[in-house]
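Each of the next two complexes has chain A plus one more chain, namely chain B in the first and chain C in the second.
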Partner chain A sequence: MMTGIWTIAKMSLLENSRKQVFHVLCLLMLAIIAGSTLLSIFTEGVQIKILKDLCMTCILFGGAAMAIALGSSGIPNDVESRTIHPLIARPLTRAQYVMGKFIGTFITVSIGVAAMTVAFSALIFMFQHSFDTYVGLAVLFTLLEVAIITAIATTVSTFATPAVTTVLTFLAYVGGTIKIGYVGGLIERSSGGLTKALYSMIYHALPNLECFNLKTSLVHHDAVPAAYLGQVALYGVCYIAFVLVLGMSFFARKEV
Partner chain B sequence: MAHPIETENLSKVYALGRRKGTRIALDGLSIEVPEGVVFGFLGPNGAGKTTTIKMLLDFVHPTSGSATMFGKPTTEASTRRAVGYLPEQPYFHKFLKPMEVVSMHATLAGVERRMVREKALNALERTGIAEYADTPIGKLSKGLTQRVGIAQAIVGDPKLLILDEPTSGLDPIGRRHIRDLILELRKEGKTVFLSSHLLSEVESTCDTVAVLKRGTLVAYGTPDEVRGGDQRLSIQVQELDKQTRDSLRFIDVTVEERAGGVTVVASPDNIYEVMRTLEKSDARIVRVQTERESLEEAFLRLAA
Partner chain C sequence: MRIVRTLAASLALIALAGPCHADGAEELGHHWYVPTYRMEMQTQIAIMAGFALAVLAASWLAKVIRTRRSRG
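Moving on to the complex of A and B:
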C-alpha cells in the first residue's frame, strides 16, 4: 500500500519541482528575505524583530502560495493530460493516488520552505551571531499550516478545475486566518436563525490557521506551553486527515 | 475457471446536459474472453471500444450491468494486479526517461524492489527500445513513445493485457515487431485484449473477435465465423468467347475483367457446372483459387 503512495508522491515531487511557478515563488521569497538585510536603518534590537517578522511572513505566504499553486493543478492536470490512466490501471486505489499527490506536493512545498528557512537562519546568524531555536519551532508549525492548505487544494482539485480550486483554496486560507476574529464576530452579531446557522457552518468548516502562527512568540521570545503546541499539532493532523478523506471519497466516484 | 474478462449486459449512458439529453456509449455488452487467446475488439470510431476498456479498468462506472476480470469485480483495485494496460495514446511526463517510467510501473505492479531494474530493462528490450532507456520521453518520436507504453504494460508480467491501438504511430517494421510480440505473449499463455482499427493486424493475430457498432455488439466469434458468407472460387482464364460468357450468365456466376485475363467467380454449388462450360469452350485456365470475405469486408458489412 505504502509503495503505491510513495511512487505517486515521488512522481508528483519530480513533476512539481520542474514547474516554473515553484521556481519563481522560491526565488521571489528568497529575494525578499535577502532584501531584509537592508533593514540597517533600524537599531539592532528592532532590526532583529522586524527581520523575524518579515521573514516568517515570507515563509508563510511563500509556502501557502506554493501549496495553492501546486496543489490545485496536480490532479486536474493528470486527468486532463491522461497521464493518470496508466497509473490507476495498476492495482492502486484512488485513495492511494490522492494521498500520493498530497504527499508529493507537500514535500515539494517543504523543500521551498526549507530553502527559505536556511536563508532566514543565515540572516539571523549574521545579525545575532547565534541561531534561534524558536525559528525551528515556528517554521514547523508554519509547515503544518501549509500542509492544511495543501490538503484543501488537493481535495478541492478532485472535483474542480485548477482555476476554481485556486480561488476556493485562497478563500479558505483567508477565511481560516480571520476565522476567530472576523467570522466568529459575524455569528455573534447575526440575528436571523438561518444566517447564524450559515455563518456557524462556515466557521466550523474553516480551519483555524491563526493557531499555527507562532510568529509573535518568536519575535518576542514568549514561551509557548508544550500542551498548547501538542493540541495545535493534533488539531492540524486531524483536520488534514478529515479533508483528505473527503477528497478521497470525491475522487473515488469521479470518472476520469 | 473464471475468464480473464467477462461482461454481462454492460451499459454506459453519458448525460450530455439538460437540453442535449443522453448518449448511449455502450448498450448491453455481454462477452467472455477466454484465457490464452488474442481477442480482437473492433468497431468504428465512437462504437464504444474505449468506453468498454475504461469500464474494465474502473476509470468510468457502468450505468448498468457488470464486468469481472478473473472472476473478481473490476471495481476492486487488486483485480488489476494481473492486468497490463496500454492507453490509446500513451501520455507520460516528458521529463521522464523510459527506464524511469517502466521501473515506476514495475513497482506499482508489485515487482520486488531488487528485480525492478532487471524487469524494466527486459520489457524495454522486448519492445525494442532498450537503447533509448535513458533518453527523456519528450525527445522520443511518437512511435518510440508508443513502445514505451507497451513496455510499461508488459512489465509486471501480467496475465491479461489490454492494448488500445498498440500499433498506432508505428512504422511497418514497428508494427511487425509488436505483432510478433503479441503472438509471443500468447505463446506464453497470456490473454491479450486488443482494440484496433487495423483489420489486417487483427486478422493475423486474433483468435476471437467482437465487432461493436454504436455501442451494440453486432458480431462475436472466431474471425472465420465473423467473416461469414459462403466461400467463393475464382477461376482465372486467359480469354472467354461471347458464347461461353452467355452460357455462364445462365449459371449465375460473376465474370470480371481483371488484370491478366478474365476471372469467373463461382460458388461451391455451381463449380462443376462452371468447369464443364469452360472445358467445352476450351478456355485456358490460368489459376483456380478460393476467395473469402476478408475481415475488412466483413467489418464494413457489419459496422458501416
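Moving on to the complex of A and C:
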C-alpha cells in the first residue's frame, strides 16, 4: 500500500518541481525575503521585529500560493492528458493515488518553504549574530497550515477544474484566516434564523488557520503553552485527514 | 526593469498585509490566550468525528440491510 502511495508521491514531486510556477514563486519569495532588509532599514530600533514579521508573512504567503498553484493542477492535468489511465490500470487504488498526489505536492511546497526558511535564518543570523529557536516552531506550524491548504486544493481538484479549484481554495484560505474575527462577528450580528444557520455552517466548515500563526510568538519571543501547540497539531492532522478522505470518496465515484 | 517593479509591488503588498494581519490579532490578543480559538478547534474535531461516525454507521446499516435482503 505504502509503495503505491510513495511511487505516486515521487512522480508528483518530479512533475511539480519542473513546473515554472514553482520556480517563479520560489525565486520571487527569496528575492522579497532578501529585499526585506531594505525595508527594515527605515525603522530604526525595531529592525529585527519588522524583518521577522515580513519574512514570516512572506513564507506563509509563498507556501500558500505554491500549495494552491500546484495542488489545483495535479489531478485535473493527469485526467486531461489521460496519464491517469495506465496508473489506475495498475494495482493501485484511487485513494492511494489521491494520497500520493497530496504527499508529492506537500513535499514540493516544503522544499520551497525550506529554501525560504534558510534565507530567513541567514538574515536573522546576520542581524542578531545568533540563530532564533522560535523560527523552527513558527515555520513548522506554517508548514502544517500549508498542508491544510494543499489538502483542500487536492480535494477540490478531484471534482473541479484548476481555475475553480484555485478560486475556491484561495477563498477557503482567506476565510480560514479571518474566520474567528470576521465570520464569527457576522454570526453575532445576523438576526434571521436561516442566515445565522448558513453563517454557522460556513464558520464550522472553514479551517481555523489563524491558530497556526505563531508569528507574534517569534516577533515578541512569547512562549506558547505546549498543551495549546499539541491541540493545534492534533486539529491540523485531523482536518487534513478529514478533507483527504472526502477527496478520496469523491474521486472513487468519478468517471475518468 | 519589470523584475524590479514586480519586486517592489510584491514587497509593498506583503508589507501592507503584515500589519493588517497583526492589527486584528492585537485586537484579539495572542490567539493562544483566547478561549474562542480553543473552543472552535474542539468543536470542529467533534463535528469531524461525529460525521465520520455517522458515515460508518450508515454504511454498516446499509450492509446489514443488503445481507438481510439477499437472505430473504
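The rule we apply is simple: the second predicted complex is superposed on the first by the 250 of 256 C-alpha atoms of A that agree within 3 Å, B and C clash if a C-alpha of one lies under 4 Å from a C-alpha of the other, contacts with A are read in each partner's own complex, and residues count from 1 in each chain.
Going forward, contacts are C-beta pairs under 8 Å (C-beta built on N, C-alpha and C of every residue); 3 or more make two chains touch, one makes a residue touch a chain.
What you see is a predicted model, and the numbers here were worked out from it, not measured in a lab.
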item	value
Chain B versus chain C as contact partner of A:Glu188, first or second or both or neither	neither
Greater chain A contact set [chain C / chain B]	C
Partner chain(s) touched by A:Gly35 [first = chain B, second = chain C, both, neither]	second
Touching residues on chain B, where the partner in the complex is chain A	57-61, 77-81, 83, 85-87, 89-93, 95-96, 104-105, 107-110, 149, 152-153, 156, 162
Parts of chain A lying in touch with chain B, wherever the complex brings them together	3-4, 7, 10-11, 14-15, 18, 81-83, 85-93, 96, 253, 255-256
Touching residues on chain C, where the partner in the complex is chain A	6-7, 10-11, 14-15, 17-19, 21-22, 24-25, 27-28, 30-32, 34, 36-38, 40-45, 47-48, 51-52
Complex contacts: residues of chain A adjacent to chain C	28, 31-32, 35-36, 39, 53-54, 57-58, 61, 177-181, 184, 204, 208, 210-211, 213, 215-217, 222, 224-225, 228, 231-232, 234-235, 238-239, 242, 245
